[in-house]
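Structures given as structure tokens follow.
Two complexes are shown next, each including chain A; its partner changes from chain B in the first to chain C in the second.
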Partner chain A sequence: MIKREAVVIGAGPAGLSAAIEAAKRDADVLLIDESLKAGGQLFKQIHKFFGSSAHRSGIRGIDIGKELLEEAKKYGVEIWLNCVATGLFKEKKIAVEKSLDNQNKTAEIIKAEKIVIATGASENAIAFEGWTLPGVMGAGAAQTMANIHNVLPGEKILMIGSGNVGLIVSYQLLQAGAEVVGVLEAAPEIGGYGVHAAKIVRAGVPIHTSTTIVEARGDEKNGVKEAVVCDVDDCWQPIKGQEKIYEVDTITIAAGLKPLMELARMHGCRCDFIPQLGGWLPLHDKNMETTYPGIYVAGDSAGVEEANTALEEGRLAGVAIAESLGYIHSNKASSIKNEIWNRVDGLRLGPFGESRLEAKEKIIKTFQ
Partner chain B sequence: MALLKNGYISLSELKNEKGYPSEERFNEGPVAVIECIQEIPCNPCVEACDFGAIEIEGPITDKPKIIEDKCIGCGKCIAKCPGLAIFVVDKTHSESFASVSFPYEFLPLPDKGMEVEAVNREGKVVCQGEVIRVINNKEFDRTPVVTIKIPEDKFDVVRGIKRRKEK
Partner chain C sequence: MPDRVNDHPILGDTTRKETVNITVDGQKIESKKGEMIAAALFANGIRINRYTIKREEPRGIFCGIGQCTDCAMTVNGKPNVRTCVTPVEEGMVVKTQYGVGEREKNDD
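Presenting the complex of A and B:
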């Protein structure tokens, strides 16, 4: 069994910043990620990030990822890529499958004093007739194809969902050269930021609110050929006779994300259902520590938000770990953490942030 | 709000915002128009301006606004805004023409002198335009800024061009 002071699972913005903050203060940190490249969502985000200038906004996600990776290297974070944490067992033991190509696969058990779960989120699916046809995919999958693998997922695309993910991925599919025939939203109002909506509308993509998809038509061999869409009533039920048909070869679904929290649950960390933050997630305190001492959670796996909040939550966990391992005096640690909390609270203001602020406050209260 | 229903701001919605340049200011020369009317956690536009002409008064989620007397219409803020929501409008371009500068992150880029189809906030073609400048420097970090010349009366309507298709 391998032993480590701190193990961070997931190398997105949350995991990277947790690892950096702990390693910076001399903790010995191992960071593992199932992908071939660290950075999580960041390397798919070719757009300039919104957020505060203090959070490197106005800079593209890919470039933020590069900076974080360099910093992690500078402070001596050990990184294992192509490794998936398959289980979390009592007394902080992590089961890891190393090297995911089948030939050289090995299994390791790591005993860690501190663990950060920073596994991000997974996409929600929606089911409709024909949804298993080739060509129906998550918006995240389409984004990975276009931006990581340089493969256009389709020529004519219909996007379902107008949250920021649906809007931004639509924009990036246009940039990649596809035609996006429209964005559908079942709710009466667009879910994402107006500025993101406005830039795709200006580029010629209509957004249809109070509209949903009812059927994907095509066949298993050639994939999607048509999408049948329909207006919905106040209860989100399709209004008969209002169907419309789009000729498309791809249907992408951006119906929200939910925290990837299975590892926390497996270890018995208490979880709660918080709809404003994407669903089931591990409860945590102001140090991002779960109900099991020594296990922390940060980023989208602690409630789906944004890269900026993920970075800050990761920092909180990293500082708290350095503190409890005795690498930093608690007075110093609390003043750093207070600064971070002030910044995070600032990010959770306004009509888009308020419900998340409330939910996060409730989580911390419930915890106590 | 039209923005939430259809995804674009109506002109009257925009004109109701604090910081929308006054008629006098438009008549004086190039000025930035910020079309960012929701309280979102974002502020790089403030730092982008060397003249202190963009202000977010309270917390980061407050809406940005132009201080019209400080803005010289240099256009530096256009490429810095991740929402691609800032435009520079010059109503005084020439006798009967105005110019509009906007971010354009699609390939192929238009060339100077090219005749283009100018679109409004809704993405609809409203008139023809002529490309008079394309800036794609390092500082803009891969957000090219295109300036087109359009009939003067379209200065508060035109906000982009129809995407060009690769041949």
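Presenting the complex of A and C:
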């Protein structure tokens, strides 16, 4: 067993910023990530972010990612890539497994004084006839293929879901050279921001509301060849006789994200079901600390939001850790945390942000 | 056939020059250095990675980030390798996986 002062699990925007804020104030920080490259979802996000200048609006996710990696290096954050946290056991012990699937794996137990869980989220799937056929995939998988691996996931694509991920990824698939034949949305209204929707509509991609997918058709050899879609009634049930067939080779699902919170639950941190934030998640206070002292949570694993909020929540956790380890005076820490909270509140505006703000406030209240 | 994205409006020239040779079910395939096995397969028009044990149904990538195991294949004799998060290596032997796969003898 090895020992560390602070261990951050997950090197997305939340984990990176937590590690940077703690290391900047001289804490000894180990950051682990199961991927071969740190950055989490950021390197897929080739679009410009919203918000005021304090929120780095107009900057692309990929560029924020590069800056964070440089900062982490500058402040001496130790990073273990290709290293997955498989368990979190009593008294803050983390089990990790290292190496790729095609190599011999090794295991290690790390005992940490402080832990940040910043594992992000996983995509929700929806089940329909034929949904397991090759060619049906998460929107995130298609985004990863196009933007990270620079390979087209398909030529003719149908997107299911018009939330921000569905809209943004549709646009990015067009940019990569694919044809997006349409975006389906079961609800009567588009789920994501109007600007993102307008962008793809201008590019000639129709968005069909009150419409769902009922079947993916194809064969054992080639996977998807057709998508059967149908209008839905007020109760979201397909209306018989309204089926339509699209010839597509790929169907991408953007049906929302849910927090990856298994590690927190495994350690016995109290969790609750909060639909506005993606489902089950560990409760936390204003320091992002869970019900188990010394275990913090930040970013999507603390409730699904956006890259900017993940960054700020990570910073909160990082500062709080430095404070509780005695690297920063609590007066100074309070004023820094207040500044961050002001920025976070500024991000939780608008119809989407407000419901998340309300949910977050409730979490913090129940906690007290 | 899905293709590589070599000229991107935001990312610019994304051409990967260095190539790596791998074998997929006995067929030689050219892949790019540093890319994941699943990406190399996609670029070569292959999107079935394995067949399930009970109903023998085909599976291909679903999450693309190592969470779902739908993309598992047998790599250099080792089954259950998630090809979406395992990079190609020169001379790699990749095989479609049937069921849970079987570890081949020459593998340590």
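Keep in mind that, in the parts below, the second predicted complex is superposed on the first by the 365 of 368 C-alpha atoms of A that agree within 3 Å, B and C clash if a C-alpha of one lies under 4 Å from a C-alpha of the other, contacts with A are read in each partner's own complex, and residues count from 1 in each chain.
Just so it is clear, a contact is a pair of C-beta atoms (placed from the backbone, for glycine too) under 8 Å apart; a residue touches a chain by one contact, two chains touch by 3 or more.
In this text the structure is predicted, and so the values were computed from the model without any measurement.
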item	value
Room on chain A for both chain B and chain C (clash or fit)	fit
Partner chain(s) touched by A:349 [first = chain B, second = chain C, both, neither]	first
Which superposed partner A:177 touches (first chain B, second chain C, both, neither)	both
Contacts of A:267 with chain B and chain C, given as first, second, both or neither	neither
Partner chain in contact with A:92 - chain B first, chain C second, else both or neither	neither
Chain B versus chain C as contact partner of A:136, first or second or both or neither	second
A:308 touches, of chain B and chain C: first, second, both or neither?	first
First, second, both or neither for A:201, with chain B first and chain C second	first
Superposed arrangement, angle subtended at the Cα centre of chain A by chain B and chain C, nearest 10 degrees	100
Contacts of A:60 with chain B and chain C, given as first, second, both or neither	both
Lowest inter-chain C-alpha distance for chain C and chain B in the superposed arrangement, angstrom	5
On chain A, positions contacted by chain B and by chain C	60, 175, 177
Touching residues (chain side chain B, partner chain A) in the complex	3-9, 35-44, 46-48, 59-61, 80-85, 105-107, 119, 121-123, 141-143, 159-160, 162-163, 166
For the chain A and chain B complex, residues of the former touching the latter	47-53, 57-60, 162, 174-175, 177, 183, 188-190, 193-207, 209, 306, 308, 346-353
Residue ranges of chain A in contact with chain C within the complex	34-36, 46, 60, 100-102, 122-123, 125, 132-138, 140-142, 144-147, 149-155, 175-177, 220-221, 223, 249
Chain C - residues contacting chain A, complex	1-6, 8-11, 14, 16, 35-36, 39, 42-43, 47-49, 57-67, 75-76, 78, 80-82, 84-87
